[in-house]
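Both complexes shown next keep chain A, but they swap its partner, so chain B is in the first and chain C is in the second.
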Partner chain A sequence: MSILTPLRRGAADRSAPRRPRFRGATRDLPLAIAFILPATIGFGVFLVWPTIRGIWLSFTDYSVFQPGKFVGLDNYTTMLADPVFWSSMRTTVYYVVLNIAVQTLVALVLAVLLSRLTASLWVRGIVLTPYLVSNVVTALLWLLLLDYQLGIVNELLEWVGIGRQSFWGNPHLVVPTIAMVNVWRHVGYTSLLIFAGLQTISPQVYEAAKVDGASEWSMFWRITLPLLRPYLAMVLIVTSIGSFQVFDTVSVATQGGPANASNVIQYYIYNVAFSRYDFGYASAMSVALLVVLSVITVAQYRLSRAGHSDTN
Partner chain B sequence: MRKRMLLTAGLVPVTLALAACSGGSSDSTESGPGKIELSYWLWDANQQPGYEQCAADFTAANPDITIAFQQYAWDDYWTKLTASFVGGSAPDVFTDHLAKYADFAAQKQIVPLDDLIAQDDFDTTVFAEGLVDPWKFIDGKTFGIPKDWDTTAFFYNADMIKDAGYSDEDLAGLDWNPDDGGTFEKLVAHLTVDKNGVRGDEPGFDKGAVAVYGIGINPSYDVTGQMQWANFTGSLPFDSLDKNPWGTHYNLDDPEFQKTIAWFYGLSDKGYMPKSGEFTDETPAQIGSGKVAIGTNGDWASSQFFGLDGVNVGVFAAPVGPSGERASIFNGLADSISASSKHQAEAWKWVQYLGSTACQDVVAGEGTVFPAIPSSTEKALQTFADKGWPVQAFYSYVESGHTFLPPITEHSGEIGDLVTPALQGIHLGQQPASSLTGVNDQVNEILGG
Partner chain C sequence: MTTRTLSPVTSPPTTPVDVAAPRRRRRTSIGRVLAWTVLSLVTLVTLFPFYWMLRTALSTNAGLVTDPTSLLPVNPTLDGFRRALGMTPREEALAAGGSGATMDFWRYLGNSVVVATMVTVCQVFFSALAAYAFSRMRWPGRQVVFGAFLIGLMIPGIFTLLPNFILLRDLGLLDTLPGIALPTMLMTPFAVFFLRQFFMGIPTEIEEAAMIDGAGRLRTFFRIILPMAAPAVTTLAVLTYITSWNDYLWPLLVSQTDRSRVLTLALGIFRSQTPASAPDWPGLMAATLLAALPMLALFLFFARKIVNSVGFTGIK
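Right after this comes the complex of A and B.
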């Protein structure tokens, strides 16, 4: 949606002078409210209220079955002293760094190739296909492909002389494995987002550069990247938040194992809530995650000046 | 857009919880006027046909009640079950496990059966000795009606044993100790073969290129050890708990226990056992693959083992350990009724039927497990014999030997979250077995003992 905003804004600007702004705004108001209302209700019921409730629960010992009583900051002191919480956080950050770095790089290259080399809709469609597969199916698929005994990947590795690797069972390999599986699934989608950003760069800029004798390589660094920055920033923020919430792949493929090596924070929260019934503590960790993600988002937004484009 | 993302971020777990909560009513449904459908869950697919027969017989006698079966594999089963309690969509009746039920009883998610037992004069003395008592929770109330019992032993690839030059008598006469593994380890070493055909106890054995492992390992790193090392630790002068059931102090800091753990997982370092993560399936698939010679499992897995294509399978009982006896966990399953069931009376009727000689005889005829009623157990042994399955090993501990309960405590979920990664970490070589001392302190802190 954000990708299209500048285009829309351009269109609105062009039509704006035709009629006075104020009158148009009041006339559109009922219609605007009608459009916004359903989303606002959903936003309130499914996002705002659960957040408030979640924050409240984090100060209680709520177990679903028994109404919780207020325990002050107990859950938070437990959290600070819980080694599993900290190792889960580290595991998650490690996963996000691997996942986002590789995914963004590959997606960027893919998007540039798509926009500079081919206009084929078919090729663009192919790029998106892994994203159409559900997370659970993706995890099951790679669970089989990378299986130590039966996986075709391991057959290949043995054939080329590298030897079998326990992708899901080796504590050093398991997080990179999960990160790459999710890169496989999301890279097409990410590259399409970036691709949409590339579409907003006027071809005239490239033509002008070509006339001046710029190479494809220097055009990428001097034109594409700077003009793409706001889009890249948005993509980074959206994908990082998604990446922090990795759950399905872990739940299906490793259940946090081996030996907690892939016990990412979302899985740990789920486990504490749904198998230990400690919803108070699980809520406290969720609040911590909320805070961490908010800080990261604001930081990314500021650092990448996502609100400003170099064309402005 | 940005604000919205900020909010969405931390919300997923909470909304997830909410979504699960909104699952609404219990699984049981009314089907037609006066008709009631009870939901019944179990994890062992092998046993489902037998119990479906019981359900058909039950419905024939009680036309108003039908039973809807739902089967999930072990790991998924407990995940689904705990989530279904949270969501209020728990099954009316379900197969329960000794190591798990305390958490459900403590959270009042299963109902005490004592009043019902008294009201209907349900005879709990018909069950084999030692099967009813473990189902009495810390408050003395009964939360499950026994349905079967099990022990564990070693299934083996008979051709590999023959090639290795071992006879049935040799297997029956094995001994074990935590220092050098005794004749049991000698057997395992001899059964291990590398890619050049060199056996594990011969010079030049390449432990980096093993073709056949002497012993397999189930990927179940439980505090009970039932699927891995309990046959060994049980033959030590060692108990997991200060008292069982309802102990408040674990003894995982015991030096002999830790020595046994180190010995057991150390078999992987010697090349005799697969490393953690090499097999994601249990021992039936491992032996079926031809890459493993022997493997621990329970009597419930008999049909899987003896049904393996192209593999001749046998069973031998655990070796005699330092205590001078063979040992096995003696575990019993039972049926429990969910507190959220809207059909308590009908659920109780079904549980009573599951615990009756009529149903247990049907189960005995399937030859899957040992039913909880001794006369039915006799019939099951006959069924096994008729099928030509030598399951005497599982029975042998009861006749002569040492059987013991899996550790039954409160907070088993939380304890498992601590002990399971610790055990796997030892197998992976991340920590020494002595690291269990620290884990033991944490566990005992949870239990307050």
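Right after this comes the complex of A and C.
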């Protein structure tokens, strides 16, 4: 809680322009420059410049062995005609839809349960635990749990009569499997984000509704969800952007297989860049991914009217 | 958009206990039982895999095949850990079902510690400097520069990977630890934003009092502001450390040899060297557990801070 306390005191910048000690807008300039210099260098060199360069590279035939020369839209025409690019995009979208839908639903239920049943730090700590270990650890762990022969999940499935499933080896199951494994790692984190949103809803609202005889169920639909909507929209944007960048699990667990079934776009970009050394084409696909992500951000923000909850 | 996400933090959080307490006295409904059941189930699904990791790491390969469902370690032994740490001779490891692949665990651990420490210390410090300039100093162009940082928050990390790889290659920093650390060492827009938000909440009066007493800006920052912001700085540092420790894709591009290989990479390689037909699960799980342990320990230590600040990190 300690971190929250000082933040409560209004976010307005009260640099007190009228006080004599702070006279003049440029008074702090020399020291301010010294203060922002390291961060601004980092920002320029490792964020702005690479972004510009990445866009430029997509118009060249840059490879590890040769400095690129301008090739116009060649990379983009290659991309549009590349069936692997399209199948990777489809795989990624399929993955994101599965991953985000399940994750958001479970996280929402979990957040509501947490806020209605217990504020225990222990319980919140436990649900956050998977988020603390890396994607690599998560992938290895679930390789074991879902192993065809020794995996405990398959032992259970056989015991209940469904029979063993080749979670990692079946082209139809591999993307849902990766999606669910990553739900396991992220759902606690997502639910704590939503939980923070729930904390903003005043308990008086619920009490008033209860006086009017509202049930827990109708309070969820009539109060919680509408008031939570701007929050949910933000969470959706943040988590789907993260979800689109899925790489680690695929790289460790499946290498894009079986038969390209889990070849997500970031894994394909990585392979084009570092196995085929075609940085130009890889950059073009990165730009495409960037565009997709921007469109999704704007669309989700607009569609959900994220800035406003239903009540204001 | 971004400030809106923060509004919950600025308004006093209401403890849900207040809401739940009177109802608990009233009745034990089916709904409540169901709710607790679901919550317990989630807890189980969350924790069971960790237990299974430990249980498997302590088993033998032969034992796992004959008794895959045993809830306790089968033929308990520390051999899995020995193989993961490269303490078992190759022939012996092969005989025990190991892959014979060695893993220079301590070296990778050291590399991970060095990278995560470099990133955390520098990023938090430089971001704090910038955040202070953005929140408390008055200089022309402040809004413009800060606006640029905010836009930087929107660029997905993945987009800058390839160009940064080329940049580091040109700088001759491939396969070095500073090479892995450098892109996030000077700042992340998130860190700057996070700390700025916190500094703005510190009352200006305290600073003014210090300055009237003759302390300069620099002294005020180091002696007053930084200590007051210790909770925020700690939280950010822990989150940065964990993020850096768990990173996989960027080190994968930069590292080429054991010289700069970090733990996540080593695990990936350890896995790719185990035969797909008969993986050395105890060895693999022992290595996985060892790699995850430092972060789990860190979490145990800072759980309160991390759990409570997650709502704030939503903009990350």
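The rule we apply is simple: the second predicted complex is superposed on the first by the 266 of 312 C-alpha atoms of A that agree within 3 Å, B and C clash if a C-alpha of one lies under 4 Å from a C-alpha of the other, contacts with A are read in each partner's own complex, and residues count from 1 in each chain.
Simple rule for what comes next: contacts are C-beta pairs under 8 Å (C-beta built on N, C-alpha and C of every residue); 3 or more make two chains touch, one makes a residue touch a chain.
In this text, all values refer to a predicted model and were calculated from it rather than measured experimentally.
S.K.: Based on the superposed arrangement, let me know which partner A:282 touches: chain B (first), chain C (second), both, or neither?
M.R.: Both partners.
S.K.: Look at the residues of chain A and decide whether chain B or chain C touches more of them.
M.R.: Comparing touch counts on chain A for chain B and chain C gives C.
S.K.: For A:155, is the partner it touches chain B (first), chain C (second), both, or none of the two (neither)?
M.R.: In the superposition, A:155 contacts chain C only.
S.K.: A:43 contacts which: chain B (first), chain C (second), both, neither?
M.R.: In the superposed model, A:43 contacts both chain B and chain C.
S.K.: Looking at A:199, would you say it contacts chain B, chain C, both, or neither? Reply first, second, both or neither.
M.R.: Touch partner of A:199: chain C, not chain B.
S.K.: Regarding the shared-chain residue A:241, is it in contact with chain B (first), chain C (second), both, or neither?
M.R.: Both partners, chain B and chain C.
S.K.: Would you sort A:63 into first (chain B), second (chain C), both or neither based on which partner it touches?
M.R.: first
S.K.: A:266 in the overlay: touching chain B, chain C, both, or neither? Say first, second, both or neither.
M.R.: It touches chain B and chain C both.
S.K.: According to the stated criteria, A:110 is in contact with first (chain B), second (chain C), both, or neither; which is it?
M.R.: Only chain C is touched by A:110; chain B is not.
S.K.: Would you check which partner chain A:171 touches, where first means chain B only, second means chain C only, and both and neither mean what they say?
M.R.: first
S.K.: Can you pull the chain A residues that chain B and chain C both touch?
M.R.: The answer is residues 1-2, 43, 46-48, 50-51, 53-54, 57, 147, 149, 238, 241, 244-245, 247, 266, 269-270, 273-274, 279, 282-283, 286, 289-290, 293-294, 297, 301 of chain A.
S.K.: Quick check: in the complex, which residue numbers of chain A touch chain B?
M.R.: 1-2, 43, 46-48, 50-51, 53-54, 57, 63-66, 84, 147-149, 166, 168-171, 237-238, 241, 244-245, 247, 255, 257-260, 263, 266, 269-271, 273-277, 279, 282-283, 286-287, 289-291, 293-294, 297, 301
S.K.: Which residues, counting only chain B, touch chain A once they are in their complex?
M.R.: Its residues touching chain A are 1-2, 4-18, 20-21, 75, 78-79, 82-83, 85-86, 103, 107-109, 275-280, 289, 291, 413-414, 417, 421-422, 424-425, 428, 430.
S.K.: Along chain C, where are the residues that touch chain A in the complex?
M.R.: 1, 3-20, 31-32, 35-36, 38-39, 42-43, 45-47, 49-50, 52-53, 56, 64-65, 68-69, 126-127, 129-130, 132-140, 142, 145, 148-149, 152, 154-160, 162-164, 166-167, 182-187, 189, 192, 197-198, 200-204, 208, 211-212, 217-218, 228, 231-232, 235, 242, 245-249, 252-253, 264, 267-268, 271, 279, 281, 284-285, 288, 291-292, 295-296, 298-299, 303-316
S.K.: Which bits of chain A are touching chain C when the two form their complex?
M.R.: Chain A residues touching chain C: 1-4, 6-17, 19, 21-22, 24-29, 31-33, 35-36, 38-43, 45-51, 53-54, 57, 62, 106, 109-110, 113-119, 121, 123-130, 132-137, 140-145, 147, 149-152, 155, 184, 188-189, 192-193, 195-203, 206, 216, 230-231, 234-235, 238, 241, 244-245, 247-248, 251-252, 266, 269-270, 273-274, 279, 282-283, 286, 289-290, 293-294, 297, 301, 306-307.
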